[in-house]
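Notes to accompany the following structure.
All chains are identified by letter, namely A, B, C and D, in their written order; residue positions are counted from 1 within each chain.
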Amino acid sequence: MATDQGPISNASVVGQLVQRCAPAWQSYTEHAFVQQIANGSLPQACFRHFLIQDYQFLVQFTRAYALAVYKSTSLDDMREAASAVHALLNTEMGLHVEYCQRWGISESDMLAAQEATATTSYTRYVLDVGMSGDLLDLLVALAPCSCGYGAIGAALMADPATRLADNPYRDWIELYGGEEFQRVSRGAVEQIERVTRARIGDQPADSPRWEQLVCIFERAVRLEASFWQMGLDLAE
Amino acid sequence: MATDQGPISNASVVGQLVQRCAPAWQSYTEHAFVQQIANGSLPQACFRHFLIQDYQFLVQFTRAYALAVYKSTSLDDMREAASAVHALLNTEMGLHVEYCQRWGISESDMLAAQEATATTSYTRYVLDVGMSGDLLDLLVALAPCSCGYGAIGAALMADPATRLADNPYRDWIELYGGEEFQRVSRGAVEQIERVTRARIGDQPADSPRWEQLVCIFERAVRLEASFWQMGLDLAE
Amino acid sequence: MATDQGPISNASVVGQLVQRCAPAWQSYTEHAFVQQIANGSLPQACFRHFLIQDYQFLVQFTRAYALAVYKSTSLDDMREAASAVHALLNTEMGLHVEYCQRWGISESDMLAAQEATATTSYTRYVLDVGMSGDLLDLLVALAPCSCGYGAIGAALMADPATRLADNPYRDWIELYGGEEFQRVSRGAVEQIERVTRARIGDQPADSPRWEQLVCIFERAVRLEASFWQMGLDLAE
Amino acid sequence: MATDQGPISNASVVGQLVQRCAPAWQSYTEHAFVQQIANGSLPQACFRHFLIQDYQFLVQFTRAYALAVYKSTSLDDMREAASAVHALLNTEMGLHVEYCQRWGISESDMLAAQEATATTSYTRYVLDVGMSGDLLDLLVALAPCSCGYGAIGAALMADPATRLADNPYRDWIELYGGEEFQRVSRGAVEQIERVTRARIGDQPADSPRWEQLVCIFERAVRLEASFWQMGLDLAE
């Protein structure tokens, strides 16, 4: 892992966490689900199952950012988290619904679907880490998603093995690899940078708390990988 | 209390709560602080002290609505609470800061000021009721503020004893008595109506939970009255 | 489901919830893992995997009862939940550790093991339902465990297909089917009875909240069934 | 502040916090209420009012330690906090009730009394700091009580101005100055020592988080002083 991961520079806090759990990170970011998206070979039923669960994921993700507002001790942190809540509820969910319609899935289908175990485990793990810890614990548990999807998108765009032409998942790749989402991910990386500085200082890896943050991050990365696997297995 | 209280109709859940603790409600809504605003006789130092504490109140109030997003079990409830968070952070705080500048108070003054005990007690009571109970408990604890300020504004506008001409507090009266704020307050009344129906049903006053809601509401009303008193006493 | 389920009488709140999700309840209480315990055919590796995860489950279960203390609004409810916390930390964990030693598993093995996804999903679901809802929501999410293990134990003891002689799982069956555990389970059923009466009243199934409680209970039942399945599959 | 404060050594984390807010600490620990207890001159009505509020304080304090169990990330921390919950519910509340009976106050009097604003503000501040922050934030917010009462008791016992003979408050002084309570307070000091080391490290005062902990501690100290003042003023 010699090079930066898209929006995640090696020197950043998130970059250091990534390096501490490199095998888990690779299993997540280069998961078979992602590779089959990249080359277009993913069975469409798997993608549809993923899209439905991703909608339910977004709902819980929004609750997690609302919790971040509650947990913030400065107006700047409150505003940062509240703008994520606002964007999720008023933009991203709408885009997701539109996108799913093109795959033949209606919003009521998504609301009626049962949450898969993998969706429950990652989302509720994040919410519980966030409630029992502080804002930094919460943001680190969110990072595999908030920062990781940007890294995955950037890697897909940069990878010569990625096929865009005639790939049914081209829009998805271009969404997460596109400049707008990269900017959002860089924002999430920077937010963790700031909150780490405020709660731990400039040398977080020297803090006794660092191992706890590595544990939270690694566990969240593994649960994100289970989320891809759930798509691949069409698992409940 | 034969008539509706501005945005609070007697038949509404909030209206029924008001009727159950009429003396406390009257002590709050007709507090000397409010009456002296109405006739312009309030010492300006009291008003300035109140404005500074009100800013700190808004910060905690925002956290309470973020908690309501986290606590919501439907997208509609999430959106309703999130739009309050958004309005508070991006509109109301800005208006408050502008308004305070006209009273010679800068935002840094407000941020530097120590939170008064009365501010702490109401805001943290709301947050704790909300965290330990459900969304309805939280909204009922917020109601003396979210619905009550609208009732106070409407009462001031309707009261022949209110003097607008040459009243230094005229803007304040017209803000809370004005149509826009009345609409916001009616929204808060209706939100409680919906959540009550979803959690208790159509006859909330027949539920064993009703007495608990009356207790929460009455206590919150008393703590709001202490907030006015803090302004009057210039209390820390 | 014409008859009572051990400590769960049909007329009780928990009994009514059980009847509302009979297929899920049956899949949980008569899961292959349970049947193979009953006839002694369960591979011992599966049981060991289950025991390790069950230890980690107990830690989170203790946190859930601590949350119930925080969420209680009466001293009686606080004492009831606190005595569960005390028993879990000071008795049940010790018994579990002793029991596991007989299966060749040390406490440090259990602490070092990674939490399986199925363990994470049930425990964090319970904690999140409990934090976002009220005490009743929390207790209902706990019920498949707090009341269900007693029902399973009683069913195993009553079932002629259960083989105790030369069954390596005999102790386990006798623990959960034994009088002491049955008493604990009846206590959990009665606690839900009391809290339901205090929060909803005598006809909970007529309350609009009933469907929400059914959803929480059914989902928790399914997640408990996944916990058995994790044992059977030796799943991470 | 050259010397240790009873159970609080100058070198301990709590000792360093005390030194950072020496004026507030002195206003709290040498409050007129405390001095009038020491010399027996406190009006008995003030003491009775204090006792009633102290009972309600204990209930919220118990909830705070239950929250500490939920927030703990090690079994040792869980056990430490759970033993406080157990002692509060099963020993200290009983002793308090007995003691109050000698002052003519029954448990039902205490339960029926309205919580004073000063009781609400300190207890809910602690609960909110604890919920929004991590275990260390919670323990620091509790420290003015968990460690401070021991410091006050030790100071009273050591002070030649304290009069024990014919002092109606002699039992109270000897309780908090006695060896058993001193041991409990030392335990609270040591718990903060351990959790600080685990979350920040060996040089907490060099951490950027230190100023936040000082703020939490100082604010909690001030709210504790308001609690004495409430007794003196017979304030609601």
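Note that a contact is a pair of C-beta atoms (placed from the backbone, for glycine too) under 8 Å apart; a residue touches a chain by one contact, two chains touch by 3 or more.
These numbers were taken from a predicted model, which means no experiment stands behind them.
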Subunit D and subunit C - chains in contact with each: A, B
Shared interface partners, meaning chains that touch subunit A and subunit B: C, D
Chain whose mean Cα position lies farthest from subunit C: B
Subunit A and subunit D, separation of their C-alpha mean positions in angstrom: 43
Averaged-CA centre spacing for the pair subunit D and subunit B, given as whole angstrom: 32
Residues of subunit D whose C-beta touches two or more other chains: 63, 70, 131-132
Subunit A residues within the subunit C interface of the complex: 63, 115, 117-118, 120-121, 124-125, 127-128, 131-132, 219, 223, 226
Contacting residues of subunit A [partner subunit B, same complex]: 59, 62-63, 66-67, 69-70, 72, 75, 78-79, 81-82, 85-86, 89-90, 93
Of subunit A, residues touching subunit D in the complex: 70-71, 73, 131-134, 137, 197-201, 206-209, 212
